[in-house]
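The first chain written gets the first letter, and so on, giving A, B, C and D; residue counts start at 1 in each chain.
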Amino acid sequence: MIRAGIVGGTGYTGVELLRLLAGHPDTELSVITSRSEAGRPVADMFPNLRGHVDLEFTQPEGGQLAGCDLVFFATPNGTAMTLAPGLLEQGVRVIDLAADFRLCSAAEWEQWYGMPHACPDLLEEAVYGLPEVSRDAIRDARLVANPGCYPTAVQLGFLPLIERGLVDASRLIADAKSGVSGAGRGASIGTLLSEASESLKAYGVPGHRHQPEIRQGLEAAAGNPVGLTFVPHLTPMIRGIHATLYARLKDSDQDLQAIYELRYRDEPFVDVMPAGSHPETRSVRGANHCRIALHRPQGGDEVVVLSVIDNLVKGAAGQAVQNMNIMFGIAEDAGLEGIALIP
Amino acid sequence: MIRAGIVGGTGYTGVELLRLLAGHPDTELSVITSRSEAGRPVADMFPNLRGHVDLEFTQPEGGQLAGCDLVFFATPNGTAMTLAPGLLEQGVRVIDLAADFRLCSAAEWEQWYGMPHACPDLLEEAVYGLPEVSRDAIRDARLVANPGCYPTAVQLGFLPLIERGLVDASRLIADAKSGVSGAGRGASIGTLLSEASESLKAYGVPGHRHQPEIRQGLEAAAGNPVGLTFVPHLTPMIRGIHATLYARLKDSDQDLQAIYELRYRDEPFVDVMPAGSHPETRSVRGANHCRIALHRPQGGDEVVVLSVIDNLVKGAAGQAVQNMNIMFGIAEDAGLEGIALIP
Amino acid sequence: MIRAGIVGGTGYTGVELLRLLAGHPDTELSVITSRSEAGRPVADMFPNLRGHVDLEFTQPEGGQLAGCDLVFFATPNGTAMTLAPGLLEQGVRVIDLAADFRLCSAAEWEQWYGMPHACPDLLEEAVYGLPEVSRDAIRDARLVANPGCYPTAVQLGFLPLIERGLVDASRLIADAKSGVSGAGRGASIGTLLSEASESLKAYGVPGHRHQPEIRQGLEAAAGNPVGLTFVPHLTPMIRGIHATLYARLKDSDQDLQAIYELRYRDEPFVDVMPAGSHPETRSVRGANHCRIALHRPQGGDEVVVLSVIDNLVKGAAGQAVQNMNIMFGIAEDAGLEGIALIP
Amino acid sequence: MIRAGIVGGTGYTGVELLRLLAGHPDTELSVITSRSEAGRPVADMFPNLRGHVDLEFTQPEGGQLAGCDLVFFATPNGTAMTLAPGLLEQGVRVIDLAADFRLCSAAEWEQWYGMPHACPDLLEEAVYGLPEVSRDAIRDARLVANPGCYPTAVQLGFLPLIERGLVDASRLIADAKSGVSGAGRGASIGTLLSEASESLKAYGVPGHRHQPEIRQGLEAAAGNPVGLTFVPHLTPMIRGIHATLYARLKDSDQDLQAIYELRYRDEPFVDVMPAGSHPETRSVRGANHCRIALHRPQGGDEVVVLSVIDNLVKGAAGQAVQNMNIMFGIAEDAGLEGIALIP
């Protein structure tokens, strides 16, 4: 049994981790910390866990984290980088669901996240935890940077094109639509039901933190700089990301469907749908899958890739569990067999 | 392994049965029939099942149903009563998720459902499948009438009061609110998102088919006639039933909380919440639980019971699986361990 | 032209007042105050007002309020009672959309609202602004207490029964369902889309501030004490209240439909729908109407009244404008002719 | 008073026309036809119109249409082209809210709409009713083709760039998101609340009928062929279109904000928002405005235009009323002064 701990389990990625770990056959959830809720039973805050999780939130200083095999950070940006080094020294492996270790460059990180990085030396060691790209490195990693939600959907959608150099990488467009849970479980006016329901808007168009993360991944795949325009949208649903990706083919004779199917043939959580499909976000609601469909409107040179995930599962907690499974050498889909809820 | 079949799997109770049975450790899904979709892969209609269910819909006449240990009917009212007798004769056990066998009186059934009953003689044998009331009878039943969604939430909420005669049973009020999936997966204007979203209405106030079903159950528990006003409402969400129940206490000195906790102490799927709770329907979304909370506003004689279920799980497919588990002597929660999705 | 001012226009009742007053033919909106937003153009916060409202928020101390004929308070409870006395002295008439002047008894008010009342002597003078009950008193009032949203829907639904003594008033039940905007435009976790969407729950069952307000109104109509159980529910929509009211008839021979039609025959904003109707909240979305339908399930002695309003219009800002129109002797529907938005 | 008639008023564009015309100061609604609902009061189908519209649906053959000054067709594609010629001969002016007269080329129309065109000779005379482009021609038109919803949002967003040749028109991308009401008021499974809520998907990616309509308009503005990729999405809300438009600037020194403000300076229904804005669809819900904002992410050469409308107002019925106002020489905003509903 993997002894797992969670730091900061009061947000949506935290409760989703709890849901997945509570049903995981090889994991024992040992500790979950929250400064603000210490002493409160987890199932009191999240009644869906009644009868499934008996833990109480505890203070992070209790020393229990050091007794874990693995600690997940489901904290705001900037927390993991202060606590991870100590845990790593004590032999605890770490998966950070926040952004602290996602960018290779400390300078770029500091520019986008607006604070100094507490342990820039760990950035090189940290493995970017997109299993479809870095499975081998994840297996041996001490420290995994769990990818962001948008970056997961966008990279999985673009990768087969970029890796093979099939498109003009100087002008990639990612138009992404997210459910509101991506904004987290913090009290704010903008994500009230009365504000965000029955409405839709773009946000962060001048610049969003996930843009450099996506670009970094695509450039690694391309071996060259890429030009990426990324526009996220807030949409009136709880869960789900739909990324609509646009690129221009260099060579219009490619069998893109075959290329994608080959690329993801052995991936347990990437589903290349039949040609002509239009994946719905609900087809992955609560599940760890990414479903992808390919189109060339009117048979032209523009390729349109549709990529959907559940932002809290493949876009956060599910991918973290997938990474844990890889790190500990157990079945990659352990605890992740749940089927999406339709309707 | 229980060889299970489904007749009519294209509706919401059907796809939910598929989701639950696909993850059930002791069941082998052998056949699923649909006249209109015969030959089509199930996962083509319900993409959440891609990679989990490989079956195709078949014609019901194929004889495969006779090879099952158990057949679920997820059909419109009036279908099971024509096919169940033949299957029973062949030794196949049957759970009907529709209403054909829910009322004891054929005359009353015909009045509410507007058609002659095809096998009134089976009504006596059929067991009303509310495990919290009839677990022993279900165990040995050949034919189980799976309760309706509203009747499940309302009966579980009222039963401890009625069984002990604690309230004036001549004036019970059940004000129930349902998600739209209760109306089924049929094309209709009234349940379009554009009609049913951002709005709320009562329906069927003059008379709803679930009223006699609830009344029958409560009268059996009371051993006397009861007076019940039942008003269902359509609310802008997909899943969930919230029943708000009103009754007047005969004796105000009762410890209702203790009575409910005792009544449901051994029930795996009924959760009596702490005093003062307000259960949310999302706390059971996708799960087979019924969560109940008790109130006496301003400490008076009126008792208000709040009872929530997922109409497609404890209110339909989940309860059917629970009944199957009981009928076949396996763990009652097999295949039903899933945790509700929050958020 | 009526010179109108608004104190505290940053919440939902405030922006709805702005929408209605901006289109009002006889009103000049002179000033809108907000401490937190002083200096900010109103249309910057509420872009639907771009091109319609040119005002900026100002500090309430600016003296501009004293130059108004009428000041609306769209403030949290407890604000109007501190500022209204001064304005009244200066000859400014006041409509308070909060609860400060709704209850006749200062003691009861203090018990439910948890603070001392700043001007209990004004409670006697204040007119409870339900035009269907107190039109004449409103006409001459200096100070109008605009009713709460639930109390408007519930009282209009019950009044014809209570005024004529047709039902057993010792056990009235009001099961009410509200959209989330009733909770206001404050940052809070419970009303986030991710929390409140796709879910439904009761709240405040032990006791809600609108219970004494409703009871006071019904007792005035009955001339006797009434017993009222009031249970509010939070439902996943922005606007709308649906009150489902239950009472037992004393005499089952009454023609309730005729009684209601007669009672509201001359009311411009109460629509008694044809017998057998099920009003939808969307049928009044954005409009000042209350639509009511009557039922006697299975022809019995229980009467079920369905009453719907838009909580922000007839339940708040629209009723306030209606009261203003009455106070200033202009057409009662001036500025309130808007038709509800369907779909 | 303009005597106006509506053919086919049972869909969403029909009821929205009714809402707008009922409040229009210069219009008398004379007749509304529906074969399926003839004899039924309009307000019986759409209860928001109770007290506002007294008409009944009638058969279209009654001859009343010929007595109108103007007839709106709110019918499925293919109806107006069979009836409009006769009305025009009788001197009745016509606005078609469907697609029959939107494309200049009968051949292209037949290819996309899958039927022969009944009066191709009228295509040349018909004026495409986008007032911001063709106000003068609309003024004198006998026959106006009211633009589609997507084409309105996309063209208004792209026009200032295209008219001035500021971008590479060979690769324009329009990623558009629509509420479900755009799919109409027909019974269908795909737009049930249980299917379309809490989910998001692209549709029609291989080819959508609005693509040639948009392309035609942009090519007319450019004076040259344009390359356009258009991807529509179904989103879980009732009303609203959000078009996110991508183009590459030829010359990065342009002051786009000033260019847009100048272009739409005199337009009553196009609102160029301040630089840096992110328009929300709810800011135009129920209103005839198009709100536009401009971005250049990270200051690069890619321009991103955000354009929002209410698909049923500026995207259908409101624009039709605007066209009527222009055709009859009355104030262009008559009957269109309503303010969008927030929240």
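Rule of thumb we're sticking to: a contact is a pair of C-beta atoms (placed from the backbone, for glycine too) under 8 Å apart; a residue touches a chain by one contact, two chains touch by 3 or more.
Here the structure is a predicted model, which means the values were calculated and not measured.
Two copies of one chain, chain B and chain C, form a contact in which over half of the residue numbers belong to both partners. Taking each chain's centre as the mean of its CA atoms, D is the chain most distant from chain B. Centroids built from CA atoms put chain C at 39 Å from chain B. Centroids of chain A and chain B (each the mean of its C-alpha atoms) stand 36 Å apart. Chain D has residues 12, 181, 185, 194-195, 197-198, 236-239, 279-280, 282, 285, 343 in contact with two or more other chains. On the side of chain D, the complex with chain B involves touching residues 12, 179-181, 183, 185-189, 191-198, 236-238.
Against chain D, the residues of chain A that register as touching in their complex are 171, 173, 175, 177, 194-195, 197-203, 205-207, 211, 227, 229-231, 233, 235-240, 242, 244, 246, 248, 276, 278-282, 285, 295, 297-298, 300, 302, 304, 306, 308, 343.
Interface residues of chain B, counted against chain A in their complex, comprise 12, 15, 19, 22-23, 46-52, 181, 185, 197-198, 238-239, 271, 273, 279-280, 282-287, 289, 291, 312, 337-343.
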